Amino acid sequence: MKIRGKSVFKYQIHTPTTVQMLLSPRRQEGQSVLKEDFRIEPFVPFFNYNDNYGNHCVRAVLPVGNLTMTTEIEVLVNDVEIPVHPFPPYILVEDLPTEILIYLSPSRYCQSDLFELQDLASWVVGNAAWGYEQVEAIRSWIYQNVRYEYNTTNSTTTALDLARQRVGVCRDFTHLGIALCRTLSIPARMTVGYLDKLNFMDLHAWFEAYVGGKWYTFDAVQSETHGYRIVLGYGRDAADVAMVTQFGSATLNSLEVETELLEE
Amino acid sequence: MKIRGKSVFKYQIHTPTTVQMLLSPRRQEGQSVLKEDFRIEPFVPFFNYNDNYGNHCVRAVLPVGNLTMTTEIEVLVNDVEIPVHPFPPYILVEDLPTEILIYLSPSRYCQSDLFELQDLASWVVGNAAWGYEQVEAIRSWIYQNVRYEYNTTNSTTTALDLARQRVGVCRDFTHLGIALCRTLSIPARMTVGYLDKLNFMDLHAWFEAYVGGKWYTFDAVQSETHGYRIVLGYGRDAADVAMVTQFGSATLNSLEVETELLEE
Amino acid sequence: MKIRGKSVFKYQIHTPTTVQMLLSPRRQEGQSVLKEDFRIEPFVPFFNYNDNYGNHCVRAVLPVGNLTMTTEIEVLVNDVEIPVHPFPPYILVEDLPTEILIYLSPSRYCQSDLFELQDLASWVVGNAAWGYEQVEAIRSWIYQNVRYEYNTTNSTTTALDLARQRVGVCRDFTHLGIALCRTLSIPARMTVGYLDKLNFMDLHAWFEAYVGGKWYTFDAVQSETHGYRIVLGYGRDAADVAMVTQFGSATLNSLEVETELLEE
Amino acid sequence: MKIRGKSVFKYQIHTPTTVQMLLSPRRQEGQSVLKEDFRIEPFVPFFNYNDNYGNHCVRAVLPVGNLTMTTEIEVLVNDVEIPVHPFPPYILVEDLPTEILIYLSPSRYCQSDLFELQDLASWVVGNAAWGYEQVEAIRSWIYQNVRYEYNTTNSTTTALDLARQRVGVCRDFTHLGIALCRTLSIPARMTVGYLDKLNFMDLHAWFEAYVGGKWYTFDAVQSETHGYRIVLGYGRDAADVAMVTQFGSATLNSLEVETELLEE
């Protein structure tokens, strides 16, 4: 399915501000980039690079004043793959490809080394079969037990915080899902991008878990994972995949996001 | 300077043909990608990936029949940097960054290990200062001593062939430049892309040499290296940076290339 | 200076346990590996690999029973470089090499995004010149204000915890140093390895900060950074550079570490 | 099986000579490094690094005079895997992992783009099944039709040369095997290292081809591929995997190589 995604960032820059932006779709299987357009107005030179996860990033120094950044992409994506019985099984740690091991470790917002989250995970998965079923149990438990509400969390909220307060936004739902998977030694990573079926037109975060030898998509914000997605980036958590990381004083006055399905 | 580059490939595919294409601008310093558009008509699924040199490639299986591939890009590029006295010096092999060492080795079309090319290089550079001056001596010697003419070479022509026959096209001029540099232990690599100042509207090949701690641009097809260029890819020689590598029976009926300077 | 480092791990394995071990010296400038020896007794097959940071790791599945792992290395290392006035300056974020940006982000044990640590850093560095002087102010403040004592922290202790409780071990001192540097947008990473001048014969942790275009060594456990060190690994914090990461039930009965200076 | 490999290089250095050496075993599945020892006498500082293929290399500047380099390793290796019927099949180019595509291209000593080698390959494989059987047909044809003899080739001899002259050493046998595989779109790479069953105690070269989703070992110097091997490096051909690459004037007076099977 062909999807168009567009984001318009309007900034007021108070001091010259260095930014790193993650707004370009990943080049990977299941996602073919047809069009890509990136503009900063008034014009500011920028520099493309790939980060340590292979995400396509842009860096620039934004000067004082008002400024608009627009990114527009058209991507052909596959529908999300939801396996059926028999579900993809847990992969023993010793059999994981070495480049995936990094997604087993605790990270800034996913404290999978804490007993409180380990206990919660054990309780949530119950008798689910090791692997996909456990991750799905985690995902749907979060959907049922955490409320989606703006302004209840901030950029320092962690998975542990969310396990306790049970309210947050997609970033937080995702962190909790990742942390609980990792307590079970299931590699999990954060994904950010465009989701076609989003009610609140915004960039979205969800997670992927590695079971049965592949990465599968899980969205704890939905009753069931569905919808066409454009993946912009992967990382261990929000510390790795912020849309915009800024060093300097700048106010984001507005962010308008559109996602549209086009004819194939 | 903002440049628009467009290439339209019209193919007649005789048997299902796997292709690897290098048509996407590199994301790197000095080159900022504003727009990118890629279409295959009739539609064929394709898959983006990065090759071992970090070039952004596409792979696809083209079905039997007629087919058109169009790529259109808008890129902001810096003007080519031509140093002045004192010229960038030769960097001792022991001081080269390790990732550059690969560009010292002989390769398929650049047989820098052959005495005939080593002797030619010594003679061509004469007393030029070690480093940039030597490379410029090589570049301008090739310009003056090799004739640019189509249909005098083919895809198996090597630098040794060109040193002997003294006629060829940009691919061949570039191979000879690279081979001669490498005989002097100056790392050199092939670059392919769009050149604004090209008389014959075509995709272009030139080379870069590593002196004074940086890669500098050299075009042996021009009296002096000039013009705005969009870099699509780097590699050791044409074996690495073919625009289209095909596995199967397909005829390229036409290739139309446009390059246009836009207002900044 | 040539250093010999030896570690002997005696384990009692209760259930088959997958381990990932970081015991092999990094191959890098300033550190030349003369000898390396690794044994598991009774014999267990193992598999070498490089992690995402380029650290040389080993993975194995340890069977039930008693087991000893011995690693012995001889490495030629440079003395630690302590700059003199004028000190290496702060590098603007926009000028950092892209592969270093990852060391600016908060991580599991280094919550540099929290105001409490940002405030502490501002207060600690006072009027120190931006760059090396700030990092040295941080390092020496930690040395003077945090007490070194075993059994006061555990593997989940974070930089924030240490800022509050002011007692811990080298791992904790290092996390606090890293977190404070990152609040100032100075890239910092954790280093683990052998230190010749260590009082308590143990593997050691310290940090490096990127100023003046290079990584410099800082040890907050010492009054002044000194001593010959063999670097085994780099990472963002202890989540990345554990000597042994285990998945399964195993007790480390003893770890004996020796470090010895040899004649050059 | 545990193998000990030792190489002693005695050099006479006439001018200060930069060298790059490939003498360290690869860290990979099927090969576990137990011991590694590297000495230059008289002592010369050296610097470890990994090349673009992930081979573990050393660089150094050797001063004028006589010098001995000794490398000794002990590695646990698996026996070479020889598949049985049904043999691993040819993998379509479109299904090859992208990092393997580089081994399809022609290279300096393997001119797989030349008709002469394409015709030879077609004739040699006859009706063999696509994939492993074709590669084995190539391997055994070379064994039967090319004579092993020193001093009949040199460092610039190519696969085309060997197809014509039918005499050479392991390096040349390997280049021809690789070139013929690549004409059939079967990825092939050169491997260098220690072979236990070698009659002439020397470092050895052989090739690997990618069929059935894995790399298999092929040795055209033997009637049947057998023996325990320690892999030091992979590359496209000898331009990538020279044991020692030198820049400067130095004479290798002797190279003594020992390989010994030890008790497991």
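The chains carry the letters A, B, C and D, assigned in the order they are written, with residues numbered from 1 in each.
Quick note on the criterion: a residue touches a chain if its C-beta (ideal position, glycine included) is under 8 Å from a C-beta of that chain, and two chains touch if they have at least 3 such contacts.
Because the structure is predicted, anything quoted here is derived from the model rather than measured.
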Partner chains shared by chain A and chain B (touch criterion as defined above): none
Count of contact steps on the shortest path from chain A to chain D: 2
More contacts between chains, C-D or B-D: B-D
Most remote chain, CA-based centroid, reference being chain A: D
Geometric centre distance via CA averages, chain C-chain B, whole Å: 43
Chain B-chain D separation of Cα centroids, rounded to whole Å: 30
Between chain D and chain C, distance of the C-alpha-averaged centres to the nearest whole Å: 37
Residues of chain B engaged with two or more neighbouring chains: 49-50
Chain contact topology (line, ring, star, complete or other): ring
Set of all touching chain pairs, with the criterion as stated earlier: A-B, A-C, B-D, C-D
Parts of chain A lying in touch with chain C, wherever the complex brings them together: 18, 20, 49-52, 57, 59, 61, 92-94, 98-99, 101-102, 105-108, 110-111, 113-114, 155-156, 185, 239-240, 247
Contact set on chain A toward chain B in their complex: 27-29, 31-39, 43, 45-50, 54, 56, 76, 264
